[in-house]
Amino acid sequence: MINVGIVGGTGYTGIELLRLLAMHPEARVQAITSRSEAGVPVGTMFPSLRGLGLLSELQFSDPAGAGLSRCDVVFFATPHGVAMGEARELVGAGVKIIDLAADFRLKDTAEFERWYKMPHACPDLLAESVYGLPEMYRDAIRKARIVGNPGCYPTAILLGFLPLIEAGVVDVEHLIADAKSGVSGAGRKAELGLLFSEASDNFKAYNVGGHRHHPEVVHGLNGRSKSPVTVVFTPHLVPMVRGILATLYARLTDRSVDLQALYEKRYAGEPFVDVMPAGSHPETRSVRASNVCRIAVHRPQNGDLAVVLAVEDNLVKGAAGQAIQNMNLMFGLPETTGLTAPPVVP
Amino acid sequence: MINVGIVGGTGYTGIELLRLLAMHPEARVQAITSRSEAGVPVGTMFPSLRGLGLLSELQFSDPAGAGLSRCDVVFFATPHGVAMGEARELVGAGVKIIDLAADFRLKDTAEFERWYKMPHACPDLLAESVYGLPEMYRDAIRKARIVGNPGCYPTAILLGFLPLIEAGVVDVEHLIADAKSGVSGAGRKAELGLLFSEASDNFKAYNVGGHRHHPEVVHGLNGRSKSPVTVVFTPHLVPMVRGILATLYARLTDRSVDLQALYEKRYAGEPFVDVMPAGSHPETRSVRASNVCRIAVHRPQNGDLAVVLAVEDNLVKGAAGQAIQNMNLMFGLPETTGLTAPPVVP
Amino acid sequence: MINVGIVGGTGYTGIELLRLLAMHPEARVQAITSRSEAGVPVGTMFPSLRGLGLLSELQFSDPAGAGLSRCDVVFFATPHGVAMGEARELVGAGVKIIDLAADFRLKDTAEFERWYKMPHACPDLLAESVYGLPEMYRDAIRKARIVGNPGCYPTAILLGFLPLIEAGVVDVEHLIADAKSGVSGAGRKAELGLLFSEASDNFKAYNVGGHRHHPEVVHGLNGRSKSPVTVVFTPHLVPMVRGILATLYARLTDRSVDLQALYEKRYAGEPFVDVMPAGSHPETRSVRASNVCRIAVHRPQNGDLAVVLAVEDNLVKGAAGQAIQNMNLMFGLPETTGLTAPPVVP
Amino acid sequence: MINVGIVGGTGYTGIELLRLLAMHPEARVQAITSRSEAGVPVGTMFPSLRGLGLLSELQFSDPAGAGLSRCDVVFFATPHGVAMGEARELVGAGVKIIDLAADFRLKDTAEFERWYKMPHACPDLLAESVYGLPEMYRDAIRKARIVGNPGCYPTAILLGFLPLIEAGVVDVEHLIADAKSGVSGAGRKAELGLLFSEASDNFKAYNVGGHRHHPEVVHGLNGRSKSPVTVVFTPHLVPMVRGILATLYARLTDRSVDLQALYEKRYAGEPFVDVMPAGSHPETRSVRASNVCRIAVHRPQNGDLAVVLAVEDNLVKGAAGQAIQNMNLMFGLPETTGLTAPPVVP
């Protein structure tokens, strides 16, 4: 039984970790911290988690007295900058760390500082940490002490582009990622733009000039590309709670490639990547509440452009589910442990 | 391992049965029928169910050749009138039946015929069948060969009113059930009024003059009332997919009653009824995708009116989940088997 | 041409006033105040209002320098407590006032203080002010210097109950108003509970123990009732932007009354109350963006309970539209001036 | 006063024509046809249109007896293929025609037949008809007898791309239009995929292999391009009722161009195209229920890719509003007549 700690459990990734861990047969949440909610039981804070026994009764605690160093693994479901401040002490105590924020995603500290407006607190730990996309770095994750869990957009975009990049069949200098996310991706924050009356019955692009997930996508793709990639990334806000669809465009340099076969081969055996039949249009709801990323690849009018459609639940494969997938790898469990509940449709 | 057959698996209760049974450790779907989709694998019809092994590969079959008589239990997720036509043969073959339509809900065949516009095909089987609300008829369900699974509205309304009726503390001739349902309650039917562009950003009452669930509510309450009840039932359509909230009004004849204690006592030990703390306002999403019904009881301005709020997921506790709860009872399994996944929030 | 000032123009009632006044042939917005947005043009703050000429260019101004005393009428689209603080000076300058908040709704200052937690600043002006429901107080509104514009819920509930109360055909001690509102009714405030990810795909009751609109409903009905009314009022939050449906229940003391005729007669000639044909189920979208309140009256199973359905757009007939209707009356214009654009469906 | 006939008034473009024409000071709907609803008054069919005087009382009539040849203009809000069958007779009677379907959009009859699976009934009239995008063909529209009103997607895509194409500053062989539409764009048809429970809380691409609006976009752009264009067009379905956002990608061949100035100059004086300030992200709701198309142009990371964002209301500028704009031109009225109501936000 893995003893789990969660730092910052009152956001959407925090409650999603609780939901998923409640179904995990080999993990047990021992501590969950929140300064503002200290003393409040989980089931009081989140009525959907009432009636789950010990988990419902577990109280949020102040980080100081939470006993995180006695856990086997600690998930950080916190704002950027928290995990790196606590990582050294926990790692020193033998605790594994999975950070759902950005502290351990970008290996280049200068780039981290440019996008997140703070110096990195522990470049040495950053250097040893592993980017937690199992479909790229499974073996390294197994041995990692610190995992930087990928952002929601990068997960879908990387899984969608990787087969093309690795096969070297596209012009990597002109990649386009037109991505659309449900509103929960923005977090549980009281901001005007996220109000129901603002975001409902509405659609828009945002941050076209630059989004924090952009460098993460570039780094990820560069990790498998022969030459440096250039990606234009356009995020959009969809009036739905969960889900990301990334519509990816890449110009083929080798028009003879069998795209369907390429994708099926790349992801053969991957438990959480589903390459759909040729001609498919994956829907976000087809992965709602599950850890699956479904992908379809098209080549409209048999032209020179590959169009890839990749869907995921931003809170699961794009956050909490992938974090648990990483935990399973780090503790030698079957990768799908606790992650097999089917998507919820309708 | 229970061998399960599903008749009519292409509606919302059908796909929900599949989703829930995929998580059930003691049941296995052996046959699923659909005339129109015969030969199509489940995972092709419902991409959300891809990747689930045998269940995904299972093909819809024509009812004739489905081998339903070799199942241990058959769920009917069909239009009204189908189950009663096939019940005799299946029961004769030793198969237990759980009907999610209305064929075995109303004991009075004249009333059935008045509301459903068809004669009842097997009044004798109707007579022995049990109304599948475990919180009322648990013991009878355990021994039943045929269970009439309750309607979605009646489940919430009965669970909400029962403590008051059973305690005899309200005027049973003036009960009001103002109930609100998500759109999935209307089924997976191509009707104009159910279109996104009609039902979204909109709210309305419907069938104020009479709804088929009305006699079912009356019968259910009469089963526990000393004198015949009169209920005004007003259904409304909410622009959401899943969920029912029943707001119930009853005039107290005994103003000394401790409502909170009454409800807590009535449902003590019930695994799927959650009496919330005094002053609570249960939200439909707090039970989304789960088999729980959450209830709160109020007495505004300390007056003579009890206001009960009851929420459920209409597709789970209001349909497929309750059906599996009944199956568990009929086969001697722990009642919660396969029904423990927490609600999905947000 | 009426010179209009708007205090607090950055909320939903403020932007709705701007939208409606842009279509008003006899009114011109001269000043709009907002401390936080001073200097920002209306069209920059609200891109939907770009391209409307002078209105788009009009800048929000600090209240101090806005020149409100040179306006003919000032609308207060502010939090409770603002209008009463500025009323004396404006009225002294000959400016008419229409307050969309609660300062001039409750004649009883003690009650005002109990619900709004502040002393009333000008009881004398409160005494002369008129409650701005034209269907009740049209003549008084015509002569008023100060109008307290009704709350969104009270408008629908009063219009729905009035015919029954005035006719004296129901038990006024046991009225029930089960009301449902879109999220814009809660205002443009950054609160967690109003986030898209919290309010979408969800339904709940709130403030069952007491809502600020409750005393306003009671006062309104008492204004036309022979004996004091008791109302239980249950507000609910609907996942839609605009719209209120009030489902009203009243027990008939005179079962011979022709309800349809009663309603048609009461509202004959009313430009903004539409009594629908018997058996109708009004939808909130049928009044979206318009000043109409549609009402249908039912008597289920021909019993002793009248069920009234009343829909309105909470931002129009429930706020800004009714305010302009009042302005039209106060300035001797035809009551429908500027309010004739049809509802937006779908 | 223009006497207007509408053929096929029961779909979303039909009801939108009625809503907009109700506000038009120079037009009067004389006849509206629907075989299935013959004899039903408009206000009965669409309760949102009750209380509008003659318009509400106007009855749907069978096309045969509708007296369309006595109208000044007839709008066809019908399925593809209807207008071309009736055009010759009406034009012969001196009636102008505005077809909101596709019969007069594609000049190449072979292409029309390939996409719409029917022969063209009147190639000679097609030859004289004008494509009804005023921002391209204003002068021709003024003199036209027959106007083919553009599709909803093509309107946004053409308005978004035109400045780049006309200026000759992009690689026209590699254009990408990633477009997203609200569900009303699919029409008022009882189809499973358009149900609330299917389309809500969901997002997907569709018809990636080919959409009927694709040839229309290509033709439109070719009309202003020095060399033939190639466009990859990816439509997506957004869970909202109204609105289209087209996110357009074009590779700059001239990197010195000032994109903001180019767009502002191209659309200077256009009453219904709003070029937003540099850095803007137009939202679909900012044009809800209005005839405006708002455009913003970006150049991420100062690279070689122009990203254009164009929003419109698919039922207004993408259908009924543009049709009335065309009518205004054809009858010598100011182009904005009847089209000045501001967008509805929130």
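Per-chain numbering from 1; labels A, B, C and D assigned in written order.
As a working rule, a contact is a pair of C-beta atoms (placed from the backbone, for glycine too) under 8 Å apart; a residue touches a chain by one contact, two chains touch by 3 or more.
Quantities reported herein were computed from a predicted structural model and do not represent experimental measurements.
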Would you mind checking which chain's C-alpha centre is most distant from the centre of subunit D? B
Of the chain pairs B-D and A-D, which one is connected by the greater count of C-beta contacts? A-D
Geometric centre distance via CA averages, subunit D-subunit C, whole Å: 36
Taking each chain's mean CA coordinate, subunit A and subunit D are separated, in whole Å, by 39
Averaged-CA centre spacing for the pair subunit D and subunit B, given as whole angstrom: 45
Got the subunit A residues that touch at least 2 other chains? 12, 182, 184, 188, 197-198, 200-201, 239-242, 282-283, 285, 288, 346
Within the complex, which stretch of subunit A touches subunit C? 12, 182-184, 188-192, 194-201, 239-241
Subunit B residues touching subunit A - in the complex, by the definition given at the top: 12, 15, 18-19, 22-23, 46-52, 184, 188, 200-201, 241-242, 274, 276, 280, 282-283, 285-290, 292, 294, 315, 340-346
Residues of subunit A touching subunit D in their complex? 174, 176, 178, 180, 182, 197-198, 200-206, 208-210, 230, 232-234, 236, 238-243, 245, 247, 249, 251, 279, 281-285, 288, 298, 300-301, 303, 305, 307, 309, 311, 346
